[in-house]
């Protein structure tokens, strides 16, 4: 038995087998991956890592597993699933994920298979079964990654703790104690309010933290930098789970050219300006925004750069992240029946619309070129009916 | 006016002039310097940076300056002093400081003089005067760096918040509201208990955090790595305030040899073992321990490596940090008289002795060589009477 | 200068004049009035009082007044307004308010006029002007009692702190820093989210705390007890602001009969059972529920008691509190224009409907009679179309 | 299974048997007994009750029992022991205890025997065995009431939470995880620091909270009032565990005379003044102070009242509480040996002396008579060599 001191959840017990997994280079690497990418440039306390989040998720997985009455082997699997669920994340977590052709779940599976992790797991588990849980598949997998998973509970609490934005302070116990496992992980009727509250916590965290305007610019700048490194084959997207944050930063610093320029700007917080913003509610079919292929965006950027008369690399068009709130379809057990959360909660129903309130397509330019954008007819370039 | 959201102190106001200073590359660099070096390998939440600490110290400096009734110009100087007081820190803060031939206060002065910071400061202040405050000199300087300074108040609170070790949770308001400035920054009688409590907070943080056994090993490994890079002239100690944590890490990773080996061990948390420990209370003149010159230590390490039959680089002798508690001589104003804190508080008097309780000289070896140390007569090598 | 230590907001400064007001028997009485009535029988920590809430509101009033740039005299008025705003509350706060023929604002004005408070206030203020502020009238009054007042900010935070229900943890600073005073106290556009979040905090606190099912039963029992004491002229509703919680409790204990029986049940947590519940969404014109006059309810209770064959005193029909969310019409300043919050926020719009989700008319009986209610046609007695 | 929401420890599970005990009038009464007596007149948030403390102690007892590896029956006893350990407390807890001829432990035993509690306990336990645990006897009893008991852990945390004085924030987990049960409840070597820290927490809480100067005056006034009620046989000290706070308050209010005067002063915070203070370090044999019999004090008060020319009831001589720190003799298991904490910790050794630093004998008079005390030779009346 060993203890890990978590700043949120206190002293957390880990057994010997878990220590062996945690002590692999693959899990230790997560100590060097920031949970929220470059958000620390907006909220200076946001330096927390995927490592502490993974340990925290393990702790909540235990709590939920205990409440659900799982057997010892199932509990063990669920704990391990939580520790490993983010092992495939690339540097700066979700920031890099958007330019990598694989999801972090996909990469986690691959990493487990080809590394020491798989060998250790095989000693205690059926590798296929545990991999499914890590990926969030099956009913046990839903504990790790489902509509109401421990991943989300932990990151909301943790991101609030480190950013100082209180919106994510959710009532984890009320949520956990109102869940049942009956094929699906479901809510009891009494838990509806706790679930509403968690959904709203996430909703409020979007514009304040996850999609904070400045964060979006910074992350876009970094992604552009990373793409450059990938184009130059200095970073291999197939093995993105082998790099840590410092690797990418030093690769960019070492490369004389545009990647270096971008990393220097980030270091010095010399951030691009927003020269155009198109709010989704001004658009006729807003959902189509999320379907525009990256190649098309790239083309538009080039067109714009020519017409604006600035270097090709300086124009960034930024599509916001799709505000995904799958919890809306969480099942609620009501008198033997099962209903979707959004069908019984008027608040959740409203969120379904409101979640697009803060979404906008933006165009960024370096500060020194931003006056070129004055009176420029950006609307003509946007492939959406306004 | 701008706000910076601090996870500890909330929304902190900064004025335009302060924003200009904060937005320099010199202060932005502090976002990339971990406050507690490699402590995150022991307490996974300890990823906080010198940047947030500097902003937090500025906030407390304001509070104290207001309480003391300083005028607007003095308040401004004190705030700026707090923001800049750590600007000269090298990567991983105090960890690197021990192998650099200058204190971070010395380096801060130098950096201010030769960088943009000096130019900006000169617009509003007498450069000599403000530099003294930044260095903690004069009565206003004592607010920044003295016996009961805002630096210490902030770091105790902050290190507790991020490590999850509650010992550092001190009562800052009680302390501040019981201070007076009369040539010296002094305590009122009613503040004695708050000061005792802050001293004890630091005392308890030593073995749990600052001089935690594992942290000491890790930091020793890193210092050895940094020395190697300095010997190879890959890092310039004269300009250590130009590097951030990632610079040193990537320099070590790039260098094939011992520096790379050490950084890989740190990455993978493959930590040296303690093969010998000499507690100070077993030594006849314990204070002499802190006077052993670094060169002497280096010689002993070489001798040991030969006699143990392990590579010269693998033996680390670690002298603990001197447990400095200058607050003990804080002046307390009692009926027109001034007494030293340690002369009126039996608790503080006891601390004067107790602070050495946890100090020991240690010798570390890589795990794979640690059996060579069995029954080895380390005592014979130690230049202290036992 | 004196300090009051508040468990939420820390050390709060009060000046000499404020101390004189706070030290009157009228304000000291608030130390003996529970903020949330009998909620401590559901959440054991909810023993906090109107006194600490009033001091906390004063602190937030200062913060808001500073942000709005009020002059010294205005600030002083606003602080005093906050301290006094609840002085007229009767025992157990809002619980008694529902059976008293005056609002607590009305009673506060009366108390100020006829007590020492008025005399002291007159030394520094125009009595009419300050009374308006205390009552929440005029633009300065809106700081104390308006759509986005400091009263509400403090009680949400405080009730969360003491009940342990996190829903009320709101971001007070973000709210305050996004308010403007331009005839009306209004929100800036950037503050919309903070306001949405505060509204939702209140919305979630309703079923969990303020209108928690058990709390509603307990409060109904107490009101019945208090009515009895008023009927017997043992308590004078005209002077309800002279009593504290203990006065009513001991009056009830001393009176042999139904009042004593009820207070004994409350003491022993022997709580009535809900034998009937009519959800508002099953009713055709739900708003009419809140218009049923108390006399009509009393008649129905008597009818029911006869037909159920239980003592007249044992039937309680409980109409829920009207879920008032005036903040929905808070003005938001948008490009020189003013819009209502509910017109620009889809979340707030949804709340307008959702707030009735948890409301129901209930009928309670002592446990020992509750089987008499089996299959009883309560619906026939309810004066609402179902 | 039921949950009780504790504002400190979160959602706490209680089983059916425990609910039955908790729902007795004897345990429900604790909801109406303030944990810290009249401390709420100094720290307005200190309204917490013996009830929540008892539930909190039960929670910590579980944690400790789990860590110690107790069997299910033992765990159950320890939990029940914690819930009941304070059942015998009189109104305002320790404040009344000093004028009652029995300790609260003694009264708890008596209450258990003669009430419903005993009947319920007998269904599941040997009554003698469980009573011993409740009283803190035997090795299991030490968990409830010993040198390092859960009672103390809970009250330090809880009193800090409600007063807002951070000194009591201790590291309960570090403490619990470093305890062993081997006939005695003992500390492991690694837990010494956590124990030192808890001792210091208590030490700092004494002058700030438990023996705060104003609190001492208020409590003395209340004790005088209670004594009066006992003399008049309006309160029966033999059955003090049948009264709650409101009972005593209303008895005093109803009695025209000195008891009423005192309760009115307390209500209005019209507090006696200290006219004389004798610090223990000015006395030759300070320990003798605690041996002066109450009768002797009473005599001195009468003498003083005559010589000062004030009514007999107005003079209060207040001996401080003996600063008991039994934890100093806590056993620490070191390499098979057992040592006392104070023998291995220089901090604890220092506390042994320092704990008397803040102790003084005081004399109080109503404000309106306090000038009679000017230049009065109080020293001559004190039965101690100075």
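The first chain written gets the first letter, and so on, giving A, B, C and D; residue counts start at 1 in each chain.
By definition in this document, a residue touches a chain if its C-beta (ideal position, glycine included) is under 8 Å from a C-beta of that chain, and two chains touch if they have at least 3 such contacts.
All of these numbers come straight from a predicted model, not from anything done at the bench.
Undergrad: Please state whether A-D or B-D has more C-beta contact pairs across its interface.
TA: B-D
Undergrad: Where in A-C, C-D or B-C does the A-B interface recur, with over half of the contact pairs identical by residue number?
TA: C-D
Undergrad: Among the chains here, which has the CA centroid at the largest distance from chain A's centroid?
TA: Of all the other chains, the one whose centre lies farthest from chain A is D.
Undergrad: Which whole number of Å gives the spacing of the CA centres of chain C and chain D?
TA: Whole-Å distance between the two chain centres: 34.
Undergrad: If you average the Cα atoms of chain A and of chain D to get two centres, how far apart are those centres in Å?
TA: Centre-to-centre distance between chain A and chain D: 50 Å.
Undergrad: Once you find the CA centre of chain B and the CA centre of chain D, what distance in Å lies between them?
TA: 41
Undergrad: Where in chain C do residues touch two or more other chains at once?
TA: Residue numbers touching two or more other chains: 10, 165.
Undergrad: What residues on chain A touch chain D, complex-wise?
TA: Within the complex, chain A contacts chain D at residues 3, 10-11, 173-174, 177.
Undergrad: Once bound in the complex, which stretches of chain C touch chain A?
TA: Touch list, chain C to chain A: 165-167, 169-171, 193, 196-197, 200, 203-204, 207-208, 345-347, 349-351, 353-354, 357.
Undergrad: Over in the complex, which chain A residues touch chain B? Could you list them?
TA: 4-8, 10, 23, 25, 28-29, 31-32, 40-41, 43-45, 47-49, 51-52, 55, 161-165, 244-247, 249-250, 253-254, 267-269
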